[in-house]
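For reference, chains read A, B, C and D in written order, and residue numbers begin at 1 within each chain.
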Amino acid sequence: MIGLSHYLIVSAIIFSIGLIGVLRRRNLLMLFFATEIMLNAVNIAFAAISHYYNDLTGQMFAFFIIAIAASEVAVGLGILIVLYKKHGSLDLDDLASMRG
Amino acid sequence: MFENFITSLMTVEGFAFYLFSFLTIGLFSVTVMSKNILYSMTSLAAAMVLVSGFFFLLGADFLGVIQIIVYVGAVIALYAFAMMFFDATRDIKEKNTNSFVVFLLGGMSALVLVLMFAAPIHSNDIQALYPMTEGVGNAQDVGMVLFTKYLVPFEVAAVMLLVAMIAGIILAGKKMNHSITENMEIDNDAKDEIMIQKDKE
Amino acid sequence: MENLVYIALFAPFAGSLFASLFGMKEREIFVGVVASILIFISFLASALLAANLYMTGEVIHVRMMDWIAVGDFNVGFGFVVDHISVTMMSVVTLVSTVVHIYAIGYMDHDRSFNRFFSYLSAFVFSMMILVMSDNFLGLFIGWEGVGVCSWLLVGFWYHKEDKPKEENPSISPSWAANEAFIMNRIADLGMLIGIFILYWNTGSLRYDEVFAQLPYLSETVLAGAAIALFIGAMGKSAQFPLHTWLTDAMEGPTPVSALIHAATMVTAGVFLVVRSNPLYAMPEVSGVSMFIASLGTFVAFYAASMALVERDLKRIIAYSTLSQLGYMFAAAGLGAYWIALFHLAAHAFFKALLFLGGGNVMHAMNDELDLFKMGNLKKEMRATWLYMGFASIALAGLPPLAGFWSKDAIIETAFNEQTYILWFMLVVTAGMTAFYSFRQVFLSFHGEDRHTPLGFHPHEMYTFALVAMFPLAVLALITGWFMSAYKVFIYHIGESVQYEMSEHTHHLAIYLGLLVIFIVLASIAYAYMKYARTGDKAWKRDEAKEQGFFYKLLKNQYYVPKFYEEFITKPYSMISEKFWTGVDLKIVDATVDNIAKFFYTTGDKTRSMQTGNLSNYLNWMAVGGVILLAVAAVSAIFM
Amino acid sequence: MENILSILVFFPAVAGLLGFVVTKESIRAYGIAVTLVVFLLTLWLWFSFDMNNPGIQFVEMIPLIPDFGISYYLGADGISLFIIVMTALMTLIGMASMGETKNIKNMIISLLFLEMTMIGVFVALDAIIFYLFWELSLVPMLYIIGAWGGPLRVYASIKFFLYTFTGSLLMLVGMLFMAYIYHNLTGVWSFAVTDWYALVLPVDYQIWLFAAFFIGFAIKVPMFPFHTWIPYAHGQAPTIGSVILAAILLKMGTYGFVRFSLPLFPDASVMAITPIAVLSLIMVVYTAMIAYAQKDMKQVIAYSSVSHMGIIMLGLFAMNAEGLGGSIFQMLSHGIVSGALFMLVGMIYDRRHTKLLSEFGGLASVMPKFAIIFGVMLMASVGLPLTIGFVGEFLVLLGFYKVSPMITIIAGTSIILGAVYMLRVMKLAFFGPLNNEANQKLKDLNARETWSLVPLVAIVIWLGVYPKPVLEPINNSVNALLAFMDEKAITKEAKDMIHVSNSFESGRPTLSIAGGK
């Protein structure tokens, strides 16, 4: 029977796929995709916990995460556009102006 | 371990769970691995739909719907526009970082997380803060809690979305009147000078 | 009587202050005269006090003001005029008066004439404090004050530059002054420890209170205090290990040598031992007293041996002082404190006379002191010749003069105490003393006239200086006769000072005396044969003998100064240099700077992490995340 | 007047502020006037000080942050009285003897601020106020060394600042922990030292707290391993900076020991006697030897002041009235003597612009007044009886002899080694022929220099001959402190090590070291 740990394992795997995406991608847009994946993984975990503990707070969190993710994407893409106009490319290596 | 895997496959929701999880993992890895931005975006959208499948499986139907509408609908749509904006037809040239480091890190974190979650959860009597009431639809339940206990966060989220919207518009809206892709060849700074002279005349 | 004590004490101080007013001005005769008069007043006061004490026998005890009062420690400036201090006071002030008057003549060509008198009077003031104080701390004030004044006076001609050791064994006046001061400080540390021992065990430092407590103290405490105080005495009276500074102190002007390094300062050590005679007379401390006696005898012999070959006039007299000090310590060590004190007084007179005579010779031969360059000076300097001859006879110890009575008594004490080795050494030293003192007289005044070919034309000293020396000659003659009267006078102070020869020695006294006189006369005759003859049998300097082992050994003072140089001064400066460059800069300072550098370099290295490239940051973030996860997992397992 | 101590602390600061409006020409006169007023105020303080009350007087208490127990709490007792007077005196004389320095206005103003912080440290009885002034005193000194110093001044000032600052941070941690314990035991917050006095701590707490305070004070003293900032600070500081640094700033460290470490942690202090004695021995002998190897005149005096501080540290841990009283008196004597010596070196530096001993020789014949004053100061520094230097050194060695004779004998060598390096300086600089032609036309001390040194010479001789007026209040307070420590000590060996002088035992006033609260 599918237990809570199954769901958590699945969300862990998805989360680490997102992580790999974040680390691997050079293109900023693809980076956004990866973050989306990670957020989804967390949502799954929240939903699973809320289901198995019969408690709505999990879902509440999931809702607010979705809200945040939406606004984050909006603002993120806005910034991306400005970046693109300025640098002409979305590649991370060219955007290394904030050097230490 | 293997036989109860088979038996759970027999049950409907067990099968659905494994189907969904297998598909989402596959699709998500496609978004992460693919060279072509189009493929990755579409696989992302598909995977998100399947994630909403999970929600339905877990009885969080309202959440599933929201997932589809907001996430898949809005977010992916935004990405689509954005992709269009960045002429994503060109294959993204990837200076792939030493993938060994990436996979090592990703793999390590996956391994640790899995091990942690795999361990038997010995939760001692965590009692639910807002217990789900039986016999009533999930949406009504969520609505009850959302608009009583979580009202303030809800309003704050609303304001946040508004701010995000305005920010998105302003950031993207600047200098909408000329298109980047046409005169890509002129150096960007030169463009700015031209613009400045134009404004002055 | 109170104000007589203060007059005796503060008259020299007033003289010194008065002279210091003109310190930087040109020579003023009246400064010298005023200073001498004030010293003379102090002498008169001391003589009156002595007479009063002789008549009434009541000791005057004056407490001027309290000085340091912390916790249980309460010490003040108190002055006592008892038999011991009054003897010292009169000896010191008398010799100082003579020396002051003499110095007016001697220093008349010196540019900083006034400054000299201020230092000399300050010296006499410190000596008076040392002698008159009623507690050990007051003694210590005088002790250090005398040390500083000797530093000032020995280094008086500070403008002379350092000469290599071969040319001038004491390098330069300022070097000699520093050596004297530092060596005295080494001994003063011993004295300080003695004072601490006495304070913590008796609760006070006043003589009467300390000596009253002595019977109740443990043996180790008594021995410790005795040894510590004797170390102080050793430094000041230049006994064996700390003696090299005395001969180098001859760099100072001759009146200084006469006053400080013959009569007063160097005898301070003997005074200390005599002053604390109850301590040294204790049975528990007999070992220390025996050590003092044997050290004294050794120093007497040791100094006399070095004087045999010395060419420098003043250094010979310095060695003879050292030798006579050895005698005094021998007497004090054997318990005959009053004989030591009496010899101290007698010695002060004829040794000062000898030194002043030497001063005349030095003045006449414009500062040339090498005996080999003099000879037959008696025809130009008849008076000085008489004075020095007379003083040498007293020094050698022939009957009518003072030297015989006091020195013979010491030799008798050595015999009486059955310490026959000491007795024998003292007798031999008496012979050697006679030989080297008359060698000096014959070499400079008799024999071939070696100085005229070298272009010296000596002239006699000013008459008033010679007249000033006359009282010393008289005293050198008559002091011996008052020995028994003095014995009665000094016995009043307490029975620990008293010392009587046993019946047995009384019978042999005459033979002992004759034996010593015979040896002395034999040595004088031998010296005459060797140095005083003229014509073909005149003394000629033969280089070969000078290369002899013993001659060179004695010439280099048994290589003790070289030993100090090689094994103390050089290693000290080398170690301190090593400490500074090695330890301080390289180790302690370097550690501090390295700690600072460590933070700087780590900061510098981590700077490379800030590449500005987003993915690097993400990687680092991921690494951090993984580590935290691992830690969480591990701690979850263990908790 | 009622709150004399606050006036004493804040008058120089306010005057410093007003200094900005004073014109450049008359700033020197203004500075001297202000420091003179402060000095007169301290004399008035000494005059109205009740000699036989060992407790704390002139107490002022205004709660600043009541719920944390931090209050503006000032007071002075026999121990701190004379250090305050000396602070005012040395600042006045230092300023009076200052030659023409560039932008003198800033110098005068920073000096006045420095004076405020220094007096603040010695009057503060609240740990936080003490800490505040302790840190503040670093800033003007950093500025003085950094702006007017020699070639390496920036390195020296930063090293000085950071070194002392890190030490005092540890001290702050100790203070906070102490307040925390006080809060646990009494339930109320308080940083007032007199409240802390009433606290009897278990021995291991005492050890840790003692260590924390020790680091802060040891760097300031400076004790052996932490002393390497002093040669740089003195080497690069201008004359006035060196004078104030040597005369007063070093005393803060030892004062801290007397005010905090000894009364608060008696048992830990007794346990610390041997390690500190060993450290002080190293300080005394090691730095005396280094002073002998120095080529630069000012470095010799810098290292000599470390050696003297070693003697003071020894006296502090002698645990008897003689040793403690001696070490407090030695603080005053070292302040005056080393202050004067630095001024003298400064004066010869103004003339020849070099401090190397090899450059000098035979100065006595061309500058007799200078040589005489240097001679007097040399004798005081070497500890000649009837000078101020002897009283302190003698009492310290006397006091520590009771603790351990062996260590005292080794520490006693300080009078020999002291004589060795000081006489070497005297011989190299003043005696010998005048062959360096630059020295031939040197002028002797002018009126300003002479009249700034003469008071110091007078004090050196006066306090050497008649130290009673200064020693008496010190004696009372030290006896009270030792009686208090003896009563408060828990461990047995602490009880019999602390030796309360029996003259105090008999006439024991009510033990009110806290004095009039």
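Structure notes:
Following the convention adopted for this analysis, a residue touches a chain if its C-beta (ideal position, glycine included) is under 8 Å from a C-beta of that chain, and two chains touch if they have at least 3 such contacts.
Just so you know, these numbers come straight off a predicted model, no measurement behind them.
Among the chains in view, D has its Cα centre nearest the centre of the complete protein Cα set. With centres taken as mean Cα positions, subunit D sits 70 Å from subunit B.
Separating the centre of subunit B from that of subunit C, both taken as means of CA atoms, is a distance of 101 Å. Centroids built from CA atoms put subunit D at 37 Å from subunit C. If you average the Cα atoms of subunit A and of subunit B, the two centres end up 6 Å apart.
Those residues of subunit D in touch with two or more other chains do not exist in this structure. Counting only residues that touch two or more partner chains, subunit B has 97, 101-102, 105-106, 109, 113, 116.
Looking at subunit A, one finds that residues 19, 23, 25-26, 93 touch two or more other chains. Taken together, the touching pairs give a contact graph of some other shape, not a line, ring, star or complete one.
Every pair of chains meeting the contact definition is listed here: A-B, A-C, B-C, C-D. Contact residues of subunit C toward subunit B in the complex are 615, 619, 622-623, 625-626, 629-630, 632-633, 636. Touching subunit C in their complex are the following residues of subunit D: 159, 162-163, 225, 227-229, 231, 286, 289-290, 292-294, 320-322, 325-326, 329, 362, 364-365, 368-369, 372, 379, 382, 384-386, 390-391, 394-395, 397-398, 401-402, 405, 408-409, 412-413, 415-416, 419-420, 423-424, 426-427, 430-435, 465-468, 471-472, 474-475, 478-479, 501-504. By the touch criterion stated above, subunit A contacts subunit C in their complex at residues 19, 22-23, 25-26, 28, 31, 92-93, 95-100. On the subunit B side of its complex with subunit C, the touching residues are 97, 101-102, 105-106, 108-109, 112-113, 115-116, 119. Against subunit A, in their complex, subunit B makes its touches with residues 4, 8, 11, 13-14, 17, 21, 24-25, 28-29, 31-32, 37, 40-41, 44, 47-48, 51, 54-55, 58-60, 62-63, 66-67, 70-71, 74-75, 78-79, 81-83, 85-86, 88, 92-97, 99, 101-103, 105-107, 109-110, 113-114, 116-118, 120-121, 123, 126, 128-132, 141-142, 145-146, 150, 153, 157, 160-161, 163-165, 167-172, 174-175, 180, 184, 188.
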